[in-house]
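In what comes next, chain A is part of two complexes: it sits with chain B in the first one and with chain C in the second one.
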Partner chain A sequence: MSADFADALLATDGGCPPGLTTWNGSAPEKRFAVYRNNVVVGLIDALADSFPVTQALVGEEFFRAMAREFVRAEPPRSPVLALYGDGFGDFIDRFAPVAALPYLADLARLEYLRILAFHAADASPLTQEALGGVLADEAALPLARFALHPSLFVLASAHAVVSLWAAHQAESDARQLAGLDTTRAESALVCRRELAVEAFRIAPGAACFIAALTRDASLGAAVEQALARDADFDLAATLALLLRAGAIVGITTPRRTQA
Partner chain B sequence: MNQTVSAASLALAFGAAMSIAAAPVSAASHGGAMKAETEKCYGVAMKGKNDCKAGAGTSCAGTSKMDHQGNAWSMVPKGTCEKTMSKTSSTGKGQLMEFKEKKA
Partner chain C sequence: MDAIPLHRPARAATKAAARPRSLPARAGIGLKPEHFREILDGTPEIGFFEVHAENYMVDGGPFHHYLSRIRQRYPLSIHGVGLSIGGEGPLDEAHLDRLARLLDRYQPESFSEHLAWSSHGGNFYNDLLPVAYNAATLARVCNHVDRVQERIKRRMLLENPATYVEFAASTLDETEFISEVVSRSGCGLLLDVNNVHVACTNHGRDAREYLTALPLDAVGQIHLAGFAEDVDAAGAPLRIDSHGAPVAEVVWELYCHALDMVGPTPTLIERDSDIPALPVLLAEARHAERILERLLPVAAESAVS
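The block that comes next holds the complex of A and B.
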């Protein structure tokens, strides 16, 4: 019964699940159609709230039509509406009408990571003293493993997604968009510091390095992977960015743990 | 193991990173980061234009009911909040904390 009801909510044929009755004898199909419309429009509104830049790039009318297709294909699996849209980026990749906008899927992924970051758990950055303690044991550094903030995500894109996103923020102006080469590859570091979610544009080597750390690679191994990806990888600048973002919340070396 | 990265070079970079991170933020030392410094500013948003970035269903963005509502905020470039006009604010400018509107 509940599966029939859920299927009928997203059906396009206007049908009504079997067994529905109305208290005043009006047609159940009509009443159900009102409910169906509210459900679908509510989910489209949710996607519009969560993906404002994606919507700005294709226009409201197109976005809502695309979102309607997504709602039918991938209805929410959780009652938490704030996290609806997990698969929206992948859906956009397969959505033929936007094939001319190859950056759109990654832009939606970036917007979704910002929401995940907003709702991620809190964690305190390592103190200067703790960092000093790690640094004091130089020989153990290559095997050090980093615990990064739960709100930290890396997105490597073949398109200029961070610049595109930034150009659509309130503090930006149209000039940023005018000269933008969308085919320039960019990677994003998303991280929340207290209540503010930030998105940084990072070099490909830095993205590779941070992604390796999140997979629990040792510092030495992560640096080697990053250098293999990008000979210009700048370790000091990347670590400084992580420190500034408050993203390093623990470091474990074979001899000690700082957290 | 291909020892391309020595412990000494890691320590050097780590130490450099700590001093870069401890230095005041300037455009040059920001390590390629592009996020402008911003601050939360109360009382400067026009009706329905306040920011909120918590995703769908939690949405409080665009819900303020009046111009320059004292508990509605916008992200603005750092340092500009207390220079922005707010006709409901006792100081006549935006404030960094929520405030109770005075009669405009």
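The block that comes next holds the complex of A and C.
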């Protein structure tokens, strides 16, 4: 019985499942529509909360129509609704009406990574002093492995998603958006420092380096991969950024462990 | 007169130091992220806070940061919206594990869930969907409540639903069904007075008769909320449990009537959409508290006699 009811919740025909009754004999479709509306509108609202810049880029009306399609195609699989929307970026990639906005899917992916970062586990960043101790031991350095903050994510995009996102924040102005070349490739570093999620625009080499560290590569191996990707890769600047972002929570070298 | 012993027995001392095991018979409000800082900065006078369990089933970050600090200062009720106790399939054990961890972490004075389903076939519908009332569904709901209470090692409260349709497959009244669940499983009742008004309006019942038919001895908490107004296909009033408006006068009246029967009971003002400024919610809670206070002298007398 729940199967009919559940199917009708996401159906578009305005009908209702069999077996419903009403005390006054009124047609049950209108009453059933309360449930359908609660479900669909509630989930669209949840997506609107999680993807505000995606919504700003296409307008509220279009966004809600697109979100409605997503809700019907991929309803949540978990009652933890805060994390609903994994897959919205892939859905947008396949959603023909937005083919003219090739950056939209990655923008949605960036917003989803911000949600993941917001709710990720807590961890204490290493201090500059603790890191300095390890960095001073030059012989051991290439073998060092970094534990990064659970809220850290890297997104490499063929579009200027970090700039686009930043241009839609309250403190930005219209000129930022007007001069934006959306076809410029950008990579994002997303990380939560204490209670606030930050997104930094990083160079392709830095993105490659950090992604390697998250796969537990040694520092030496990560540098090699980064240099192969981008000859201008700047190790010192990238480590400084990770420190400033509070993204390094532990270091292991063959000789010692800092955490 | 006996001398007062200087040292209480160890067991009593431990008991006294532990948190009270139930919510105070005062008014509380739902805890909303937009009010986190204001609550920590001002520590407003309020009986308790309630949170939706699922909102806090995340690993870390601001939600836990603020809830852990606010919880240190106030009694807490955790209210689940995703267990799908009325669901056809078995309970989602992974979800139950998340819930058990959350309850373990925050040690709330109360945990409650709904007589409804929200998941089917692996999908989560994010709404409290209606259950047919018959022998088969009764056995299933009782099994699910038993499993929840066994897993979380505490008594839960089950909330009466706001519904918009009924089922041809129902053979029991809603009040009979709830009474049976309470009596078989030993769970308590979360009496949602707004839901009583909404359900009775939507199904042409008398709200006071409905109330009287509930297992009122088991009421552990009361919910009050606002509803939206619509009409059904025949033009009859259809009330929608929106949680998006102040508590309506008709619900306040029904609340007074319910309190006359159940006595002073922890009372939550629920607001989940169009959330107003904190002082507006605190004022609504104070209104509930003034109604509760009218009953307290009576309660004190009956406790003495």
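Basically, the second predicted complex is superposed on the first by the 250 of 259 C-alpha atoms of A that agree within 3 Å, B and C clash if a C-alpha of one lies under 4 Å from a C-alpha of the other, contacts with A are read in each partner's own complex, and residues count from 1 in each chain.
Definition applied: contacts are C-beta pairs under 8 Å (C-beta built on N, C-alpha and C of every residue); 3 or more make two chains touch, one makes a residue touch a chain.
The structure presented is a predicted model; accordingly, all values stated were derived computationally and were not measured.
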Answer with first, second, both or neither: which of chain B and chain C does A:Gly87 touch in the superposed model? neither
Just chain B (first), just chain C (second), both, or neither: which does A:Leu243 touch? first
Is A:Pro102 in contact with chain B, with chain C, with both, or with neither (first, second, both, neither)? neither
Would you sort A:Pro204 into first (chain B), second (chain C), both or neither based on which partner it touches? neither
Let me test your reading of the model: by the given contact rule, A:Phe118 touches which partner, first (chain B), second (chain C), both or neither? both
Mind working out whether A:Arg192 is in touch with chain B, chain C, both or neither, as first, second, both or neither? second
State whether A:Ala46 touches chain B only (first), chain C only (second), both chains, or neither. both
Quick one: is A:Leu227 in contact with chain B, with chain C, with both, or with neither? Answer first, second, both or neither. first
Chain C-contacting residues of chain A that also contact chain B: 46, 80-83, 118-119
Residue numbers of chain C touching chain A in their complex, please. 54-55, 57-65, 81-84, 87-88, 92, 95, 98, 117-127, 129-130, 132, 164-169, 202-205, 230, 232-234, 236, 238, 240
Looking at the complex, which residues from chain A come into contact with chain B? 45-50, 80-85, 114-115, 118-119, 128, 131-132, 134-135, 138-142, 162-163, 166, 170-171, 196-203, 206, 219-220, 223-224, 227, 234-244
In the complex of these two chains, what residues of chain B are touching chain A? 2, 4-8, 10-18, 20-22, 25, 29, 31-36, 38, 51, 53-59, 61, 74-77
Can you tell me which positions in chain A touch chain C when the two form their complex? 1-3, 5-6, 9, 16, 19-32, 34-35, 38-39, 42-43, 46, 75-83, 118-122, 150-151, 192, 195
